[in-house]
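Note that subunit A is present in both complexes that follow, paired respectively with subunit B and with subunit C.
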Partner chain A sequence: MNRQQMLSQVEDIIRHTLKQPDVCIFEQTTASDIPGWDSLSHMTVMVAIEAHFNMKFSFMEMISMSDIGSLLDTISSKQ
Partner chain B sequence: MSLVSVLYLIFLGMVLLVYYALPQKARPYLLLLSSWAFYAINQGYYLFVLLLSISINYLLCRGWAKHGNRAWVAVSILFNLALLSFFKYLPAIFGFTSLPDGSLLQQIAIPIGLSFFSFQAMGYMLDLHWSGKRQVASMAQYSLFMSFFPQLLAGPIARGKSFIPQVSKASCFNYADMVSGSRRILWGLFKKVVIASNLSPYTDVVFQNYNDHQGITIALAAIAYFIQIYMDFSAYSDIAIGSARLFGYRLMENFRVPLSAKSVTDFWRRWHISLSSWVRDYLFLPLQYQTRAWGKAGLTTATMITFLVIGVWHGANWTLVIFGVLHGIASTWESHSKELRAKLWQSLPKRIGNVLSNLIVFLFIAASAILLRSASIGEAIAIISRIAGSSPLYLGSKQLLVFAISGMLLVFGIDTFKGDIPIDEYIGKQPKALRWALYICLIIALPLIGSLSSENFIYYQY
Partner chain C sequence: MLQQIEKHLSSSDRTAFVINDESYSYLELKLHVDRCYYFLMQHPKLALVGIIARNNIQTYAMLIATVLSDCGYVIINPANPPERNEQITSESGISVVLGCCIADASLLPAYLQFIALPSLPSPPHEVCYTHPDSSSIAYVLFTSGTTGKPKGVCISKANLEALLHSLAKLPLQVTQDDRVLQMFDLSFDGSVLMLFMSLCAGAAIYTVNPDRIKYLEIARLMHSHKLSFVFVVPSVIGLLKPYLPSILLPDVRTFIVGAEAVSYSRLQSILPCIPNASVWNLYGPTEATVCVMAYQMDSNVTNELHNGIIPIGKPMPGVMHLVVDNNLAICAQGEIGELYVGGEQLCQGYINAPERNSIDFILYNWEGQAQRFYATGDLVYVNEFGNYMYCGRRDRQVKIQGNRIELAEIEHHAQAFTDCDAVAMVNELDGVLSLYLFIENYTGTEADILQHLSSKLPAYMVPRQIINLSHLPKTDSDKTDLQQLTKELLIRINK
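Take a look at the complex of A and B:
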């Protein structure tokens, strides 16, 4: 899977989990750019991504992700 | 030495003069010595507790950096919790506070600022551990991070990663910082002296004699007390942030127009931000991570424990536990009913929906503030139950009330226009004539309509 496909799949997960069908994400997008992505919904998004890509994030990985680009880096490193 | 005393302004002015007269390398050491002197003036021999906390926490950080073993982190957390328990919780649990006056155990008081600097120490250690970097600040930098006098007594709770780089960065005299800091201090003094202190006699009379009042008077006193706490604590934060700015340091914003919150969760993102973001990062997120497989039950567990800790952080009293639980329930309900609430608000015109949600949150917080004020659950229930009764409206000194309301009109009016921008920045963007008109109004108002019923701040007790 190339990075663009991964980005597209993460976008679908975020749209579905946060119920924001119109949201568009880019490598530089951060949680604060996306309506509804706050500390309460953060883990829901992460769990959905883990389930989709069949992997587990460590706590350190989860808190050190600063934007979608670093999220994609972490997913890539686990595949 | 309260932050609203003339003595503090003299102390601040003297430290500032010497600070900029010294070579840049010596400045952090002056700040450190001044901070310890400030704490000794305020707390006497409890300076020993601060120094003990700094020394042990620093040694534990060094130990972690050398060995990289989690045990150092665990010991650090346990040490800080033990220190907090010894001074804050054990005396209440074992009833030392109700012993006869003068007895040794009764004299164990809480060192002011203990909750704040202990949380800073735990946050610093956890940041070290989670970052994986084996680099610890120098002893002087770490000591100043733990002792910096503007924030030492009641926050904002600083983070090492934003504070310590400022210590090592050369602090040159900056005119803009001086203007901005002075504006912030003036604004804080106005909120404390004109609003909080003018409301204090009214809330004191009503809550101390709650058996004499019912209905609208109790409801009004609860609202007045909530506004008093807000003005009192945000005034302290303004003076702390402003004082730090004079030395070229930037502290975390502690309030972001909390009265504009449209949900309890939103309120906690705007109120005492340095504490709410601390518990979010170091407690809520790790708990949520551990319980993520439980779905909604995991979110509920993490939320409830987090708010329980926020409640208990305020002190060892069942009223504070109930305060935390109530806010936890409200926040949990909000996170589980997002869609339902969105539909409900969408069915109303937007402006009405906004005002209504704002009003509901305001009344909930004002009602729960009764718990912060009450000495026991029995007293809180007695006060709340009297809201249902009716008695003539008691307003106390109408003059003080008018002074407080005129202050509130100015502060809330400016809050409405400025939005989330810090007040000093907002004032700085206004035309020169308007800025100076505001300064003159504030300076005249302080002695004219201000009062100083208490130099202390409510949050000193926490």
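Take a look at the complex of A and C:
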């Protein structure tokens, strides 16, 4: 899977879990750019991403992800 | 106590703040403080100014400058709906608002004068801080109000000094070697505690970037910067729960929780992560300057739980305290009643609210003298160890992630918009309390209501979900059946 495909899948997950069907994400997008992405919904988003890519993020990975780009980096490194 | 801050500003090249991983020394901080302080000295008639809160050194410098002067501050949160901020500026009667950049002027109504800190001239000479008038305002914080309008709690310099003096008598000291977490929004009074305790000690304050997921940013700061003095709301522990087994924070020497009821099971889950910390629960209403009771957890805690909630502790030095029944008679030890608090930390009342003040603040005989007390609305009892135990509210006020919320304020705005009955409720989801709103037979969309509430209320007061029912369940006496609604809510959440 290339990075663009991965981005597209993460975008679908975010649209679905946050009920924001029109939201678009980019490498630089952060949670604060997306309406409804707060502490509680962040857990839901990350659990959905973990389930989709069949992986589990560690504490160190969770605290080091600052934007979508770093999320994609983490997913790539675990595949 | 506040004079200690002047000493550190003038002489210390130690770190004062770390903001977005950038360090600022006390001497660097002083340059910004002086610029604002000099402006305030040139305008002695300003009793209160607005400050547009950003996570930057200028904002913190403006707070410090006002507290060191005869002026006080009112926080204007850029994330609030404009209407909320207009209510706050109008209620507080301010005419001048300070900010960090010219663009922030667009957040304000045109009748307010906006001044950007960088545009102010540097003082032409060394600034000498004069002692502020103790009766002058330190800050006005706005809390949720039942009538649909926020209430402004007016805290004086004397109230703030009383808090700092009282804390200094507890074994809960910040030292100049501490690295302190400041996780609180500046419109929440937990920020006052962390800022001024730390600045008086000359410690380093680490602020939380509001653009990142808060609980993870808190964890990152605690871990990466080896923070030693930490105050968090209990929901942060709940959110971190999946990761707690892999977190070890041996540098934390003081761990404070508060601003919400603290369950032992939640607190217990983080104890292995902070093996070297003394653990405290701080309790207090904004009206009595942040905190009035303190509990240092010890091995006896499991014998002192009430419905799984740990004690709120004993009154802090200088705090007057009563537990009274519905007839204002003193309750016996072990008997549940409402907590009233008084003393030098007690504010003069809400700004421009004489009626509310006459209800919430009363005179009561204390050691032979009539003294002012604040009716907290919190139901408590004193246990056999002399600790106060929190048992709930006498009204429908709730706390979500430390924020005080009157459910009636949410209902007021929902009903005004929909012309339908509305009931706001809270329930725990994934370890965190969330807000829900039931609405009766509304013909519009849930998105309409959410959009309206978002235009009136801060984000933490906007319900997570709207539930439209054809009829709200009623009791035999024709009141809304809250028990039935709670059952309905649980069914909806678990679907």
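Just so we're on the same page, the second predicted complex is superposed on the first by the 79 of 79 C-alpha atoms of A that agree within 3 Å, B and C clash if a C-alpha of one lies under 4 Å from a C-alpha of the other, contacts with A are read in each partner's own complex, and residues count from 1 in each chain.
One rule holds in what follows: contacts are C-beta pairs under 8 Å (C-beta built on N, C-alpha and C of every residue); 3 or more make two chains touch, one makes a residue touch a chain.
Model, not experiment: these values are computed from the prediction.
Touch criterion not met for A:M1: it reaches neither subunit B nor subunit C. When both complexes are overlaid on chain A, the residue A:M62 reaches subunit B and subunit C alike. Look at A:A31: by the touch rule set out above, it reaches subunit C but stays clear of subunit B.
In the superposition on chain A, contact is made by A:L40 with both subunit B and subunit C. Judged by the document's definition of touching, subunit A residues 38-40, 42-44, 59-60, 62-64 lie at the interface with subunit B and also at the interface with subunit C. Those residues of subunit A that touch subunit B in the complex are listed here as 19, 36, 38-44, 46-47, 59-60, 62-64. The touching residues of subunit A, counted against subunit C in their complex, run 30-32, 38-40, 42-44, 58-60, 62-64, 66. Against subunit A, the residues of subunit C that register as touching in their complex are 210-217, 219-220, 223-224, 239, 243, 246-247, 401, 429-430, 432, 434, 459, 464. For subunit B in complex with subunit A, the residues that touch the partner chain are 130, 132, 265, 280-281, 284-286, 288-289, 292-293, 298-299, 303, 335, 338-339.
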